[in-house]
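These are the structures in question, set out in turn.
Same chain, two partners: chain A is paired with chain B first, then with chain C.
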Partner chain A sequence: MIPFDFDYYKPSSVEEAVRLFESLRQQGKQPMYFSGGTEIITFGRLDYLYTNAVIDIKGISKCQMMTFKGENLYLGAAVSLSEIEEANLFPLLTKTSSEVADHTARTKVTLGGNICGKIFYREAVLPFLVSESEVVIASREGEETRPILDVFQKSLQLEEGECLVQLVTNKKMIEAANISIKRRRQWDTGYPVITVVGIKVDGQLRVAISGLCSFPFRAKEMEPFLNDTKRPLEERVSLAIRHVPAEVLHDSEASSDYRMFVLKNTLLDVFEGLEMEEVR
Partner chain B sequence: MENIGDSVIRKEALEKVTGKAKYTHDERTKGMFYAKKVISPYAHAKMTAKDTSEARKVKGVRAVITGENLPLIGEEVRDRPPIATDKVRYHGEVVALVVADTPEVAKRAANLIHVSYQPLPTVQSPSHAIEANAPLVHENVAEYEKDEGIEPIPKSNISNHTKIRKGDIEKGWRESEVTVDESFSFSPSDHTAMETRSAKAEIKANGSVVIDTSSQAPFMVKKLMNDYFGIEVGKVIVNTPLVGGGYGGKASVQQEILAYIASKAVGGRQVEVFYSREEDMITAPCHIGLDAKVKLGATKEGTLKVAEIVYLFDGGAYSDKAIHLSRAGAVDCTGPYKIDHVKCDSYSVYTNHPYPAPYRGFSHSEVLFAFERTMDILAKKLHIDPLQLREKNAILPGHTTPTQVRLNRSTIGHVPKCIEKVKKLINWDEGELVEVNDRIVRAKGVSCLWKTSTIPTDSTSGAILTFNEDGTVNLMSGVVEIGTATKTVLAQMVADRLRIDVRDVHVRMKVDTQTTPEHWKTVASRGTFMAGRAALAAADDALTQLKKIASTILRARVDDLDVGNGRVFLREEPSVGLEFKDIAYGYTYPNGNAIGGQIIGRGNYILRHLTELDPETGKGNPGPEWSVGAQAIEVEFDRRDYTYKMLRAASVIDVGKVLNEKSARGQVTGAMSMGLAFGGRETFVFDEQARVLNPRLRTYRPIHYGEHPEYIVEFVETPHIDAPYGARGAGEQGLLGMPAALGNALSTAVGVPLRQLPLTPELIWRTKEGIGE
Partner chain C sequence: MTKVAVTLNVNGEESEVLIRPADTLLDVLRENLGLTGSKPGCLNGDCGACTVIVGKKPMKSCLMLAIEAVDQNVTTIEGLTDATVQRAFVEHFAFQCGYCTPGFIMNVHSLKENHPEADGETIKSWMDSNICRCTGYEEIEAAVKSVLYGGQEHHKR
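Entry: the complex of A and B
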């Protein structure tokens, strides 16, 4: 049960949504963009989240887009994870997002919601971090396309009132050899102990990781070691895992030392998997 | 017309599969109020202030209750304030209740209550609790009102001690050539029934208290409302519709007390207390934890001689059922083996954890994890096949149990037959460990199991059968339909005895303690036995009445009559007879004269010859029979990652007699999956302040589809002579050996003994690599 009342708006254009946000703010409201709504429901009932006006972006066609235009794939922020799986235009994203939550939830959870949500795993962002995609962000000044690596720092760095509209990914990246591995505390359900996504571009491995720290990240500091082909694989991995960018999580899913153990093995599996992929 | 053994579809099936079945929380009445709990974020803390002023100002708030002037409650020791007043003893404990017009208002107001806490040092485990300098959860444990025979140790965290002394321990050790000494532990966890708890209470103008509750023990609620609040038993009316899973958790009485207190605070208006999933997990009683030490001695040939055992049950913050749970763990402190010399000290210990309810199997899966793991460790030391060691020592008629009950062919099932069958099912002769490649191995583990039900010696069950004008029958039993299909099985028995079609037996699902005959509690796999005996007695009573009236009309002796196909007829000339419909509502002669009246059959059952346990030796007859079984599991284990898949799990349970094939398989399979989830994943994770870190289903995950092994279930049928058709309990047994079997399989796979639950890859990694927490 959500203990607070809120107004519901469903604009049909990005401009309208952004304008609405601004005017609600001026009225002293605490508006929130709303897509799948799963966090608003589940965190609202726990008092982790409050809003008194939601702006549903599912009625905006740009936010529902799933199309190739030229060399780029445009994915709207309001597309549900299950729709992404069914269309399967970005196999690495399919693989990664299909491991998020469960099927029932994924029919509601959206791409934008997963990336902008409070639950810090945000695994759907990982394929975009390794693909170095671009994000389309709407604000009062209009729409702007920016590299995701600039905008995503632990979470998507949006100003108040800004809205994620689309993610744009180059075909070359989508076609690159790729792998996505999720390791859990036990068996096949639950949050990740670690999720690692990797692609091989121009002979170089790119890696993004969720579950290891309290935010997902592109492992820029680790990649040089992983790609240091002069060293044996085990050593490359051992050196790389010394360069985790922040404190390693220690919680009810896994201890920090166990996470490091899993990280090491998972990185080895990424290499193994990608070499198999290259044959294709 | 076969009734017994058939897979009769459960009587409430259509209601359930169409989503129309009503549970306690589904029924709302106009004018009802709603209560919201404020719960403690600390596991042990003094409360220095409760500021309710803001909450009281919210429009629509009817009462704010902070718990003063309420009696202490609890089933064997009255140690629990219904609402904590001066200190809290577990994370999730209720510290205030807000009653309001709507759930939303109640919640909003509850958020405005400010409680000031002064954290106290916490007791983190039973082993910690008994250390000399451990903080005291209860300062004056000896001063609580308590049942006879309960002896808390003053100025300690020990609420009770059960002693088992069988044979001569010294002699046992002298005769032993090989010994093992092992320790095991696991934390409390949850039942996670699909339906969270709820209750509604209303106090009528005449003083009657009407309670609707999602409970396995509505008759216990009635009794406890009398014990705790002095309400006349006849004025307590408890209604229980279908219950969406209990697993023992709903045999504890908590939500009903809160609902009553809330109703009383608003002049008797009906108030609902509903548990969110989080409250259902930590505020409501949980599944017990255990620290165990098991020492076994045997001859070189593998004959068990002695068992010396200490069980420290994690009784959590309040005793309630913990004492009984620790006693049940003592009663069957070993596995199902002949051991002449047994010493067991079983303690119920206070900690700052949520307090326990019964959990499917009532301490048996917990104790068996420790004991059956030790059996495997002993087998390895003896270089004897673990199944062979079990078979060699299997308890048989003529042997005695730890409480010195001499068993006979009825009171114990057939352990060797179960072992023999499970051995084939799991293809044991292939070997315990098979190497698949340099990383992957397949490993098998086994466990035996047994259980008796240590329910009160005077537990009773009753049944009423009323006839309809068309000759069909209505069955009323105090068994709560918690999902086990017991009421359908009772209908099968009645149909069989009356020789009518089971479709002609209508079952009342809802229990109402004012009009439904009592069934002590729907727990302990006792439904088919006790309620079954009562239902058969009621059917016999009805038959006697049917024959009596038929005898008058047919002008024949009662003993010349027989019954079949809904008729009473002359044994010698079956064409001469009367249909049930012509006599079930009285018989009317052609001239209008009438005799008889509605046939109402009644029956009851009380357990026979049970005794309390001797306080010094534990000697006594705790339960009517022991059901037994043997279980096995095969896992595929990755030696690099320490991860595993469960491939196949097999159970052979001696159920005495299969009464409803699919229901029996469903019960055993469901119990197995629950045991594997407890063994492999489910646990509360506590922080250093004993707070539960994972009190929700995002982070506390029962087993899901896709994670299950293949389940193989077979039965052995050794009749329990006293029971209807010889049937033994079947609701819990499938769970009992699964955690131990999983532990045994994985210990074999890893090559080091695993001593904790749940068996997560991280635990296995830590144990194998010798890495501390």
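Entry: the complex of A and C
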């Protein structure tokens, strides 16, 4: 049982949702946008978070969008991960998000919820980081489209009252050779030791990683070494992993040394997998 | 405590219930409607003991607010009457203590409705959502396979 009460609102437009958020703030409330709501429900039960008003965005058609318009794919923040899997419009995202939680939970977990969540893995963001997608964010000033690499710094940097509406990805990125590898300590369900996502665009490998540090990241500092084709592959990977952007996690999932061991081998697997993908 | 009156459609019947918006579907099914077939297990979306069907999809009722189920059709284990999956679980003795059984059955029933010809990979992906603490997985697997492909085993692993 969630030990506190909250009011529940289900607006039908983005404008209504952001207006509602502002109005609730003015009344002294602590509103939260609610998409799949799995973290709000489970963390709320444990008293890890508090809200006294939730704004469910699942009734907003823009947040439920899952369609190509011209050269771009628009995915709404309230689309569930299982819907993404079934539609399979973005195969790299399908592969990555289908490893999040389990099938039944993914009927509730949404794209926006996973990306904006408190649980730091946020693996659904990885395909968008390597694809250099854009995000549509709504605020009381209206909607704005911004590059995800500008907005996602460890987590999605939203101002109070801002709402993630959609993610926009160019078809060229969706069609690029790609791979997603999730390594767990054991079993086929659960959190990763690390997850690595890679795509090859114009001959250059782009990589994004979750589980290695306390936040998911696009491995911009590592990529020049990975793409230095003058060196042997093992050396490229060994040099690249010296440029991890933050402290490597050392916790019950894995020690930092083991994570680095897994990272090195997973990057080698990324190269091998992409070669096979390109041959196909 | 502020309560709101909402109408839920559960097992084909409409019921008006007075709930807190913070109440989970699992709590309302059990406490307000007396439908205790959906079991509280981890309450964290991990074990699947509370699985029901919302619309046509399996749903962990501990991960859903009851208020989110307004205007949707909810089916609980009490809403199945001699379903093929239920019979298969009995015939294959696919339970030990039985606590996880309603959740397994609801998930398999939904799988059968959505993918009557599910391949091995799909079956595995769906069934990873439920945990049997007695580890009676062999019998559960046999029951699941018996209701897909009309009992013909056809698996890609």
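Following the convention adopted for this analysis, the second predicted complex is superposed on the first by the 280 of 280 C-alpha atoms of A that agree within 3 Å, B and C clash if a C-alpha of one lies under 4 Å from a C-alpha of the other, contacts with A are read in each partner's own complex, and residues count from 1 in each chain.
Please note the rule applied: a contact is a pair of C-beta atoms (placed from the backbone, for glycine too) under 8 Å apart; a residue touches a chain by one contact, two chains touch by 3 or more.
Model, not experiment: these values are computed from the prediction.
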Partner chain in contact with A:Asn265 - chain B first, chain C second, else both or neither: first
Contacts of A:Asp56 with chain B and chain C, given as first, second, both or neither: second
First, second, both or neither for A:Ala105, with chain B first and chain C second: second
First (chain B), second (chain C), both or neither touched by A:Leu205: neither
First (chain B), second (chain C), both or neither touched by A:Asp7: second
Touching partner for A:Glu253 - first (chain B), second (chain C), both, neither: first
Which superposed partner A:Asp47 touches (first chain B, second chain C, both, neither): first
First (chain B), second (chain C), both or neither touched by A:Thr189: both
On chain A, the residue positions that both chain B and chain C contact, one per complex: 1, 4, 45, 102, 188-189
Chain A to chain C touching residues, read off their complex: 1-2, 4-8, 36-38, 41-42, 44-45, 54, 56, 58, 82, 98, 101-105, 107-108, 188-189
Interfacial residue positions of chain A with respect to chain B in the complex: 1, 3-4, 45-47, 102, 183, 185-191, 251-255, 257-258, 261-262, 265
Touching residues on chain B, where the partner in the complex is chain A: 103-104, 107-108, 111, 276, 278, 640-641, 643, 645, 680-681, 685, 693-694, 698-699, 701, 703-704, 706-707, 758, 760-762, 765-766, 771, 773
Chain A contact footprint on chain C (complex, rising order): 1-2, 4, 20-24, 27, 43-45, 48, 51, 57-60, 62-65, 67-68, 107, 124-126, 128-130
